[in-house]
Structure formats: C-alpha cells, structure tokens
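Here come two complexes built around chain A, the first alongside chain B, the second alongside chain C.
Moving on to the complex of A and B:
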C-alpha cells in the first residue's frame, strides 16, 4: 500500500457518514426497486386487485347493490351457477363465438397480410382501408350493422335479394345471430391482425427464403416451412389477445341483440351484466365473474404451454 | 430472478392486506346496519315535521327525459324556481331507464345519491324493498296531499308494501293504435271484446296465395308489459294470490296465448319479437301491412305525425276483465339524502305532479295526465279537443292498473316472455313450453324466500 492510498483511507475515515444515516441509505437502496414501482402498484391495487378481491367477497353474499346488508351465503352462488344449464349454455355460446372470431380474424388477417405486404403507395392505401374499422368505436359500428342487418329495410337483404335469396331476419333468427355478431368483430379486428402479421413477415430474414429457393422449395413449401413457423410468436400473441377479447364480447351484443333472440347470443359477460343490473343479482353475477376469470386464466395458460413447443423465436 | 420473487411476495402481501381490509369493512357495515334495524321497531307513520327554511339549497334530479321532453321539463323547472327561489334543481340526464337504474345502484353503493330521481314503474318494488327510496307518507300526511285526485291505478303503482315510494310522473299504458281510414273503408270497428276479434280478423286480414299481406293486428312479444294485460283479461294471473308460485301455466292464464297461437297460425295476427321488432312493427303499420298495433300510448303522437292516414286509438279488448297496465316512470325521493334535501325534494315532487301543471306537462312530454281534477278542468277539455285519440284511454282511466309488484318480477318474467318468443319466431305451441317456464319461475321464487 503506497502513501497515496493511505491518505485516501484517512480522508474516507474522516468524512464517514454516521451509522444511522448509512443504515437508512442501505434500507432505501434495498427498497429502491419497490419505491420506483410504487405508483404503478398503488394504481393496480386500487383499480385491479381491490375490485377483484372485493368481487370475490361479494360473490359469497346475496347482495343486490342497493340493499345495505350483504348476507353471507357461502358458496351458494357458485353451486347455483355450476348446477344450472343456463351457465353451460352461455359458456357454449361464448366459446362458439370465440372460436369463429379467432379463426376468421387470424385467417383473413394473415391472408390480407400476405396480399398487402408490398411496399407501394397503392398497397399502403389498401392497408389503410382495411385497418380503418379498427379506429371506429364498437358502439357506432354496431349501430350501423343493426341497420345493415335489419330484416325489413336492411342493406344486406337488398344484396342477398340480388342472388334470389329470401330476406333473412339476421339478428332475430337464433341461427344467424352469432355469425352476424362475429362478422362485425372480424370486420373491426382484421386490420389489426393484418398489420401485426405484416410486421412479423417483415422481420423474417430474406436469407431463409433464398436458401430454401436454391434447394428447390416451391412457394407453398416456403410458406409452410419458413413463413408459418417464424410467424408463430406473432400468431401466439394474436391468438391470446383475440381469444381474451372475444371471450369478453359485450358491446356489440348490448347494442345489436340484448342477448337474444331466445338467449341465442347471451354470452357470459352480457349475462353478468343483465344479472347484476337488470335482475339485481350482484352476488351471483360476481360469482360468475370469478368463475369466468378462472376459465380465461386457465385457457390462456393452456394456450401458452401448448404453444411453447410450437412457437419458434428467431435467433 | 431473485428480485422477481421479492416483487411477487410484496404484491401478494399487499393483496392479502386488501382482502383483510375488504372483508373487515364489509362486516363492519353489516354489523352497523343490522343493529340499527334491530333498534327500529315498526312504528306508526307520523306526519313529517315542517322544515321552513329559505336557506339556499341545491338538489339533483336524475331523470330519463329524452330530448323531446326537455322543453316541458325546462318549463317545469322555471315555474319551480319562481315558486321556490331558494331551491336550485340540477337536472341530470342519466340515459334510459336501465342506465338510470344502474347509476342509482352505483350511487347507493357509493353512498352519494341525488335527492330526487325517476324510476321505471316495474323496478319500484326492488328499490323500495331495499330501502333506496323514502316512504313519502309523512309528507303526504303533513301537507294533506289529495291522493284521491290521482288515477287509482297510477298512484297505487308507486306504492309497495303499504308505503308510498313515489308519484306517477310520465305515465303511459298500452293501447291499440289503428288505421282509422282503412277500418272506416272496411266498415269495421276495433274489437272491444275478445269475442269481436274473430270477425275483425276475417274482415281486415288480406291474403294472397295463402300468404298474409295485411295482418289484422299485432301484439308486441318483446315485453311482458304488452301481454300481461291479455293474461289478466282472460281471467288468468302471473302468480298465485299469495305470490308464492307461478300461475302462468293455469288454464285461465293460458287462454290468451292459446288464442294468439291460433290467430298467428291462421295468419291473422303478427307478433313482434327480438331487437328492432318495435321499429319493424311501426314500419309495417305505417306501410299498411298491419291494420292495428298494440303499442305504448306514449307513441300516439309519433303515429299521428308520421301516418299518411287517420289514426284511431282503442283500449285493449277485454273478456273476463278489461284492464291495461301502467308503464313509464315515476318520481321518487332517495332515502340517502339529507333532511334539508328531502324537504326540497318533496316540494319538487309536489310541483312536478301538481294538478296545476298536469295537462301542460302531459301534453309537452306526450304522456298521460294523472289528475282527475286536471282532466275535468277547462284546460283538460281543450286538451281532449286537440288530442281526441286520448279519449279512449281516459274512458278507462281507472282500468289502467299497476303491473305485478314482486321484487323478482324483472328476473322471472324473462321465462314466459321466451314462450311468446318461441311462438313468434318458430310458431311453437305455447302449451308445450309454458309448464317449463312455470318451473323456472317457481325456482326463482323459491330462491327469494
């Protein structure tokens, strides 16, 4: 140890901070990460965790939101729902809607992405047109579609009449109501899927295609063995986000069908709404929220686990 | 990874703390309430104390008055502020009845309520039973409000379990609106009894190649409000007398729907059902495809303004009975308001439902007058000269009765509405479905006991 070092040590000893301040600083250092995240945690706690926990509490009561007394009923609300055919009927409607919505949005989105993945003004304009419905609020879109689907004076029946088909009450016929709702959702969401697929397509290095082409791969083989596998992270993302939003379908049902006709479009979230606010069964509606939360959570986790083996991340 | 774990622990601990707080606060509320209830033994209702104060006060009035009714509301507010300059009423439009009710529920849960509100008539029992509305009897006693001046059915619709929770404000009832020009041409009168209906159907219905091109009449299937009176007029009832079980499946209660099934199958009758059915029915009537439609009296004005033929109005036909149910909304006072607000609210309710402004108010909003003295007044006579269509309703002033009052009614009615829906859409014989609907209704009733 030379003289300079000795002097520095002496200096450090003379300016050493008192023990209490040092402890405080160490403690602060230890909680630094937490403190930075505190505003976010506080927001989540107020707007997410507390409502979730409180919903669970309400689900164990027979509260109707206006009665001052919340009578504790244990798991009655859960056993009622799980033992009732309406619950399974509503789940079936929700799943049918979701499967149609996810498959069509992704398939058409991918098709449009492959079609419009060209750098030119015309194609950029076309992409803009396809993406446009995504900006429109669902409330407005749904109101426009109510008019399009109207059995008496709707646009759609005018079009099908040109092909000699009799007018159909699209939203009043139990067998056409779900497809009619899916069309609105696909029309609105397909542009977003297309843009993400195009982003995915553009991140695939051209080298792979060149190498495969040299090896004699045709266009289908290029798509099947290079494009699809390398698009899989984007596909997974879209499957999960579309799945969750489709499962929670509400606005279009509220405006276009009110869950009808004959409950044919009574999807779970809409049912929760009518149960809580029209039938004043807040406790039971909260139980349905909890059950549905667990179902979506499990299914999303399942999608993620299954796709872990199938999704190829570049590099 | 380690940091992540620490994070998780922190968040879970926070979450747990919230569980404890949430449950804790709920229990505390419950405890407070039940002990308060225990101390409040039922006491005879006494007249409210006079709170004479000219201290400036502002109260909120939550309403569902659509744009077309705003001119009338503004007039009433102006008149009110002339009479009580110290009370400011802030009108707050809260959307249609379902939206308004939703917001009321949230306001009660948040303990931050307006002083006065509208309430759709069939939801009054639910809100009244929960203690959301104040029983107005003490003020009625204090100010000697002339209750017998109101139509009996209309005022009773706003009472539940012996308490007067509100007053009728925008009152409607369902009536038959008919194409008078056509019926005069055909030389037929709208049916007054069920026995008249078959002849009416024969005379009015038009068919081409077995397909109906003009229906004799239409009954809405989307809302029980329209066909409950048919059930009652046929001698039936929705629930048994003690309200403990369903009665929709009894032979008397099935008479109307069996007739509907027959009339519909034979192509005489149209039943609207599903979203947009109301618009469709209106279009079909205005376009001459239906000769007579059952609709709310609130639409008489709309029909008169849009039809290119003369409009007539007839009370619903009767059989064992002849009634129609009250619809629309009333005005009620929130129990969570302060005493000063309640006093101001009472004055406002009195003003809005007063005989003095009754005709002017009814005409400007397109709903029915509610006061006998107003109808008999000179102003009332002039009103009927301008609106002869309403005469058919007022000939049956006391036959406009309250809907079934039961807190589970908004929930269980959906089951027998579905039977009408199956008839309207798939022509399913109601006799095969009504017993199942009754079973579901009984299940719900048992759940409420």
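Moving on to the complex of A and C:
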C-alpha cells in the first residue's frame, strides 16, 4: 500500500516537474552511475594504461635506472636488439619452450579429458586431484622438481640408474634444460586443459554420435569426424591462451636455472627482468618489452580472427 | 542373441575396469610430486641420500619443520602473505562490485567503450607495466610496503567481467522497486546484488586468494627488505641462503614448501567444485 502510494506520488511529481529539472536529474543519476565505474577505470588508467604508454616512451631513451639522466635516442634500442644475436637466441628459446609446452599440455589434456569424462563421484574426485597442480604456486612446484632433478640425490637419476643409465645433470645440461622446465609447466597445466576439454565434450549433442553410429561409423571415425571438429573452438581458445601464458615463462626459470646453463634457458621475460634489474638497462629492457607485447597482441588478434572465420561452430 | 548381449555387457565391464585402472594411475602420477614433497619433508638428511630412495619415511623427522622455522622468519613471511592476500581481496572485490554494478545496471555516457577498456586490460601482462609502476612506487615512497603490493593490482578486469555477467542475469524489477523505495546505490549493491550473486562472489574471492598467495613476480620487484618478504620469495631466498652444498638440505626446503602450500590445498579442497565450474564457464567470452 505504502509502496503504491509512493510510486503514484513519484509519478505525479515527475509529470509536474519542468523538463529542464528532469534532464538535470537524469544527468545526475548518470553521473552517479559513472562514479561507481570510476575507481576501476582510474586504477587501470594509472597502473596499466599510463605505464603502457610510459614503457614505450622509456624504450626510446637510453635510461639507466641507477642514473638520473635520460636521453632520447629514438629507435636505437630497437635496432640494437634486432641486430644482436642474443635477441634471436632468446626468441628461439622462448618459442621452443612454448611450442613444446602447448603441444604436450593440449595433447595430454585431451587424452585425459577423454579418459576422465565419466559422471561419477569417484571420477569427479580424481579430476579434482588432476586439476590441483594448476593452483599450486610455480615457485613451490619448481622447488619440488629441482629436488627431483637434483644431480646427486634426486629421484629421477635414481630411477634412471635402475636402467643402467649414468646420472644426468638435468638442469645444467643445455639439451635437457628446456624439456625439464616444460615438464613442470605441463604438470601444472594439463588439469586445466582437461577441465576445459571436458566442458567442450559435454556440449556436443549426443544425437550426433547416435546418428553417425546408425550409419555405421566406428569409434575412431566418431572421434575424427565429430569430436575433434566440434572441439575446435575450445582447442583454439586453449592453444592461444596457453601459448600466451607459456611465452611469459619466468618463475620456473628464476627458481630452477637462472637462465642458464650459458643462457640456454634465457627466455624473453627472464631476459627482460635481468636486463632491467641486474644490468639496469631500463631503456633497452623497455624496448624488449614492447616487442614482446606486440607479439602477444598479434597472437590475440590471430585468435580473434580465426575464431570468426575458420573454426567449426555448431549449427 | 542373448549370448552376444551378455558378451557385450561383459565387454563393457572390462572396458570400464581398464578405464578406472588407467584413471587411478594417471591421478597417482599427477599427485606424485606433491606426495614426494611431503615425504621428503619428513625424512632425515641421511635417508634423503639413500641410493634406493624410500617411498615412506623410515622415521618421521618433524624436526625439519622446526629447522625451517629457525632458518627463515616463517611466521613473518606467512603473515605478510596473509596481509597482502586479504588486502587484495578487500580492494579487488569492492572495486569490482562497484564497476560491475555500473556496467551491468548503470546508465552513463561511454559505458560500452569504458567496459571495452576494462576488458582490454586482460591482454596486458604484468611484465609490460612493471618498470613504470616501479618508478611510480619509488617516487611515492611506496616501495617495500604493502601499498605497492596491493594498490596497483586493485582493479581486476577478470573479476569485473565475472561479476558483471552475474549481475546482468539478475532481475531488474526487484532493483527498481528498491530504488523507488529510496535505496541508495550502495544499499542496492551490498544488500541486494551481493546476496543474489553470492556463489560468483565466493568463487572470485577464492581465485583472488589463490592468485595472491602464489604471486611471485610482483612482490619480487616491489619489495626488497627481508621484513616485507612473502612466502614465495622467502622460500626462494631460503634456498639461496643455504651455505655449501644445497643437495644436502632439500628436506628443510621441502618442509618449508609444504607449509607454504598448505593453505592453498585446504582452500582448494573445500572450494574445488566452485572453482572447476567457474573455470569451465569462463572461457567463451
């Protein structure tokens, strides 16, 4: 009753108020709504968008963080990097690591999705365990693997010894260091890929399979011609997101190898970090950051582009 | 006819048995590194060096945990991590609640564009912005304080997106009725929207907590005194601070590691269902 009265009063009031006052009131309401978005926008402007532009500016200077002078040098930092072998070496390391990581994480993740896609409490429990490493700190995960890889007493060498193979310094040998890093990342990431692939599998209508089975398709044909194509949007999403996060590999390198041996694991982000905070070449590090960021933007654009064009969607 | 059906049933039983065996094996393999960390944390130094490693400690060497406490100011690191995590939860949650309300239910000029600007933040990794933010923090005198760990990460684009989705699905009539009754915006958000979107909010809080607890790059850049170290940094330093052959001290490092991930394991075990559901739903934006 009270409510109705109020509403009527308000209605009456609004019909009586002059237009200019009403406009002023809606403007005030809009302003109030905007004020609630403002903290988020201000934080992003100050701590994300301004630093982004500022990073670009710094990349055009010869700034060294320990000294006050900052001279504008144009594209010198970029030409230095592009003309330097270390740059291509670091990119090569990053991409080698990333491709191994993406392929293994997704391939194993898909196999696990097919294996674990059973609706029962026990399977849900096991999926929970497989997904758990995704939330374990990379520092701790890396530390456990440093222990497992330890040359003298580590488990891996003990196991390898049972097959009569001599101990290997997994993190000191240039040919094993990247695979050793990839294993940690795959261990942490397969559960996530599995969960998303299962979500994808469950969104495929069952009648597709039934219809094809009536037509005499065998299991492999069902997988090849129904499951894989209909999973492709999820696969694309996982490829790009895993690729982008994998390219940012830093923590495991900082804990396990420090970029070594002899820069064999000096991936881009780790190089940025040492360039900025050990060698204090702030300008040059910023140039590397910008190149790295452009690569990430291109990958994101690629995902956006392909997802609109090529990938099979239902219906 | 009947025979073949029975054979089929038998066959499918065999298949599901093989499947369970495989699934259990995979689960154990994935669990193994965590198991190995716990087991190693309880072994003596001598047992760590055996040529044939033991899968179960001969004696439980709880002293390793006391030793970890002695080597690093563990309680200090733990409370630093907790303060940072709680600070991030309070700030990110409130900023995201306000923004999600504005973007889901509000009307103002440039709303779509500003929301796009928020979403675009998802593409920018920490490594792109850390140098200017470091300089900014240093000018403000915030380096090596909780301010530098919390404030620059106050706006979570992911959280704003998540809460906005959830607010959008809520009925407008109830809100309108409340507004007509003279409820202000804060009352609308905290008394009406928050209770209705509770499952999403709980998930968001859990995800902020896990991300904060595990963060490494940001605290590594923004702090340098031992008083301000968080657990991830502390454990990296514990390893560096061990004199001599580090191969001999992994039982201590593992004990410290177990204590560092315990909160995550507990939170994850309790909230697992919510987290898995949120992850599976958050992909197709």
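As a working rule, the second predicted complex is superposed on the first by the 263 of 315 C-alpha atoms of A that agree within 3 Å, B and C clash if a C-alpha of one lies under 4 Å from a C-alpha of the other, contacts with A are read in each partner's own complex, and residues count from 1 in each chain.
Here, contacts are C-beta pairs under 8 Å (C-beta built on N, C-alpha and C of every residue); 3 or more make two chains touch, one makes a residue touch a chain.
As the structure is a computational prediction, the values presented were derived from the model and not from experiment.
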Report clash or fit for the pair chain B and chain C bound to chain A in the combined superposed model.
-> clash
Chain A contact check, chain B vs chain C, more residues touched by chain C
In the superposed arrangement, does A:144 touch chain B (first), chain C (second), both or neither?
-> second
When the two structures are overlaid on chain A, which partner does A:34 contact: first (chain B), second (chain C), both, or neither?
-> both
In the superposed arrangement, which partner chain does A:278 touch: chain B (first), chain C (second), both, or neither?
-> first
Determine, under the contact definition given at the top, whether A:260 touches first (chain B), second (chain C), both, or neither.
-> first
Just chain B (first), just chain C (second), both, or neither: which does A:286 touch?
-> second
A:50 contacts which: chain B (first), chain C (second), both, neither?
-> both
Please work out whether A:196 is in contact with chain B alone, chain C alone, both, or neither, and reply first, second, both or neither.
-> second
So the chain A residues that chain B and chain C both touch are 33-34, 37, 41, 49-50, 54, 65, 146, 150-153, 277, 282
Chain A residues within the chain C interface of the complex = 3, 6-7, 10, 29-34, 36-37, 39-41, 43-44, 47-52, 54-55, 58, 65, 112, 115-116, 118, 122-123, 126-133, 135-141, 143-148, 150-153, 155, 158, 161, 187, 190-192, 195-196, 198-199, 233-234, 237, 248, 250-251, 254-255, 269, 272-273, 276-277, 282, 285-286, 289, 292-293, 296-297, 300
Can you name the residues of chain B that touch chain A in the complex?
-> 3, 6-7, 10-11, 14-15, 18-19, 22-23, 26, 29-30, 33-34, 37, 98, 101-102, 104-106, 108-109, 126-127, 130-132, 273-277, 279-280, 283-284, 407, 410-411, 418, 421-422, 425, 447
What does chain C use to touch chain A in their complex?
-> 19-20, 22-24, 26-27, 30-31, 33-34, 36-37, 40, 48-49, 51-53, 95-96, 98-99, 101-103, 105-109, 111, 114, 117-118, 121, 123-125, 127-133, 135-136, 151-155, 157, 160, 177, 180-181, 185, 189, 210, 213-214, 216-217, 220-221, 232, 235-236, 239, 247, 250, 253-254, 257, 260-261, 264-265, 268-269, 272, 275-276, 279-281, 283-284
Chain A contacts chain B in the complex at 33-34, 37, 41, 45, 49-50, 53-54, 57, 64-70, 80, 146, 150-153, 169, 171-174, 256-258, 260-263, 277-282
